[in-house]
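To keep things clear, I will list the structure first and then write my remarks on it.
We just call them A, B, C and D in the order they show up, numbering each chain from 1.
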Amino acid sequence: MHFQSWAEFWAMGGYGLFVWLSFGTTYFLLLALLCYSQLQQKQFKRQLAAKLAREQRVKQYQEQSD
Amino acid sequence: MFKWLHPLAKPETVYQLCGRLYPWLLTAALLLLLLGNIWGLAFTPPDYQQGDSYRIIHIHVPAAIMSMGAYSAMAIAAFVALVWQVKVAQWSVLAIAPIGAVYTAIALITGMAWGKPMWGTWWVWDARLTSELILLFLYLGVIALSGAFSDRQTGAKVASLLAVVGVINLPVIHFSVEWWNTLHQGASITKFAKPSIDPSMLWPLLISILAFKVLMLALICLRLRTAILVNEQHRPWVRAMAGDQ
Amino acid sequence: MVALATFLQRELRLLARQKADWLNPVLFFVIVLSLFPLGIGPEPNLLRIIAPGVIWIAALLSVLLAAERLFKDDYRNGVLEQLVATRQALWPFVFAKLISNWLSTGLPLVLLSPLVALLLNVDSASFLAMLLTLLLGTPLLSLLSVLGAALTVSADKGGILLALLILPLYIPLLIFASAAMEAAAMALPYYGQLAIMLAMLLVALALVPFAVNSALKINVS
Amino acid sequence: MALSDISRFVLLRQYGNMRPIFPVVDSKRPVIKHQPFSVIVGQELLQAQALSCIRQDRVLFEQLSFTVRAGDILQVAGKNGAGKSSLLRLLAGLSAPDEGTLHYRSQPLSDVVDDYAANLCFIGHQSGIHEQLTALENLAFWRAAAGVPQPDDYALLAQLGLAGLEDIPCNMLSAGQQRRVSLARLWFTSCQVWILDEPFTALDQSAIAMLQQYFLQHLNRGGAIVLTTHQNLTLQYNSLTTLELAYRW
């Protein structure tokens, strides 16, 4: 461990703003990309399921009317 | 010659392969990132010139390296997509582009945050920063182009073509920007002294680079899976799977 | 060869009938150039310093403006689709478009350069450099903008998209062309820059037609 | 296996038996001379095997198989959005099928695509006519594209009922007249396979009759035609096949 205390660690030798700004934005962007990609997949799966259910209903309706 | 690659071109196989790899890759990436960054942030001595600000290197350099790595991966996929008409390759172009764009943005932002204490200004028209900015434009171009068509297939193909054109152009752009930069060497810019890096600093950096790389692979797996689903939604295997859930 | 001549004749005829297509970009070029002195002040020395960059940026934007409609008509009325179906007739068509695009947007800029030199106080040494860079650079501009137009023919939203695609590709040209003019202003040799521009032009001439060809094919598929 | 199980399209009518349409002189496949294209009577020109086409995530058709021989005319019918134009664009080599294969003269289309394109005249849904150009200029363009010299376009245009309209811009012509200019290409093309998307649109009865007569001529010299139309073909063709594409949700 290079730093003596937590305060020193957060201060980063006076460069705290820049270091934590960089790390913060990096983690934020990576996390956002990850969540967005995962959300996209979930959303599409939901859409597809809805579409299939819709087709099922159309089929049922057609069978009833036959 | 490419016989053994052929099953890989089958969307269903790729989908399953990506699904199997994704959790492992994601876990590995997160562990490596934590290890590399904590090591780099807390357990290495400060640079004798730049003090603690140099610790930004542990995300700046991996992001910059992998932003270019992502472009070459995207260009290779685009080339395969155009020459052999492999659909999975087309979709991976679109899967990679946003990842590359985010990495490039990270490299730019951290570069700026590092530049402020070192150069005294947020932005300098340094050759590397400028090249990176243009790289971001290229990524955004690919993303925008792929979304501009009502037919998804056309969008993917045209974006692949642009990616290939871009990769031919990248060296030219890089070379010209570097040359332009030496021509216009500003008075206030002091270039980094590049001391040979101490092994104690090198190890966490290498781990972080690896972490960014593995994270990219994980993200590609995740995004490619979505792309395969979207583009194959009429296929029986996708429908069967969606019906199960 | 016969096809190329006929196609070129057709393009020129269309340009003669749709004058706004090529006159507006040229007008745009002149207007942008006359706005700069109004924006930053009429100081002759200042104008001389910024002239190379300003001229080239105005040229880039006006060529971009002309590129937008390049293939639109032929796409809309099915000419493009039916040409792609013939396969071999697509090549002369692409070359005819390239040549007519340069004739209608690049050449007017070259011809206007004396006027521009007067407006921006460019001295005679830099004027020669400007003329040479425009002569070498505008064909390259045409090639890249035709490529951009071909990529986006069937896109729903053109306009700003085209700029996003093509402007990054213009950067090397912008750098070397304005560097050549700056060197000329300082009475330094600028053959190196011209040679690089020529090299870029030749490489683009060899590769861009292929890219345009496949872009058009993809867009009508 | 019922026909409808094999595929989703219905073969409505089939005139003739797809055999040689000429009195066969030689028992072996005779080669007809004096043709712009070499013809082996009854030769299989286009073979579609199990074609599938997916547009905008909708399956337009799948498992579609048919053969077009020299002398055949294939009418593709179906409702709007059933995939007629998409099928024609596949056959014209503009796009690739999502599944299935296309063969030209028994060779995979991708291997002989240049030969095929040189023997193909495709007129799509849009006319291929630039409105700012005159009829003559449009014809000159397509003639150069096809690589055929034609000395007298005036006579050709007059034959198509466009006398006196040769040198005014096409945006002054009516839709039917523009369609005639577009179809004039068929009179000078030396291609064997014609793929025509809605050729009768906007044409009047006399023009339709003339065009059908001309189709017959082309078939008789060994050509092949694939077309879409909502109209019934009034002329009795020996080898007409109608391919009805069902609209699928």
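The rule is short, and it goes like this: a contact is a pair of C-beta atoms (placed from the backbone, for glycine too) under 8 Å apart; a residue touches a chain by one contact, two chains touch by 3 or more.
By chain, UniProt protein names: A = Heme exporter protein D; B = Heme exporter protein C; C = Heme exporter protein B.
The model shown is predicted, which means the values in this text are computed figures rather than measured ones.
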What is the chain whose Cα centroid lies farthest from the Cα centroid of subunit D? A
Mean-CA-position distance for subunit C and subunit B (Å): 32
Using the average of all C-alpha atoms in each chain as its centre, how far is it in Å between subunit C and subunit D? 40
Go ahead and note the Å separation of the Cα centroids belonging to subunit A and subunit D. 51
Between subunit A and subunit B, tell me the centre distance in angstrom, where each centre is the average of that chain's C-alpha atoms. 18
Specify, in ascending order, the residues of subunit A that touch 2 or more different other chains. none
When you check subunit D against every other chain, which residues touch at least two of them? 96
Where in subunit B do residues touch at least two different other chains? 150-151, 233
Each pair of chains that touches, named by its two labels: A-B, B-C, B-D, C-D
Subunit D to subunit B touching residues, read off their complex: 54-59, 96
Subunit A partner, complex, touching residues on subunit B are 37, 41-46, 51-53, 55-56, 59-60, 63, 98-99, 102, 105-106, 109-110, 113-114, 116-117, 215, 219, 222-223, 225-226, 229-230, 233, 238-239, 242-243, 245
Residues of subunit C touching subunit D in the complex: 2-3, 6-7, 10, 13-14, 17-18, 73-74, 76-79, 81-89, 92-93, 220-221
Within the complex, subunit B is touched by subunit C residues 147, 151-152, 154-157, 161, 164-165, 167-169, 171-172, 175-176, 179, 200, 207, 211, 214-215, 218-219, 221
Going by the contact rule at the top, pick out the subunit B residues touching subunit D in the complex. 85, 150-151, 233-234
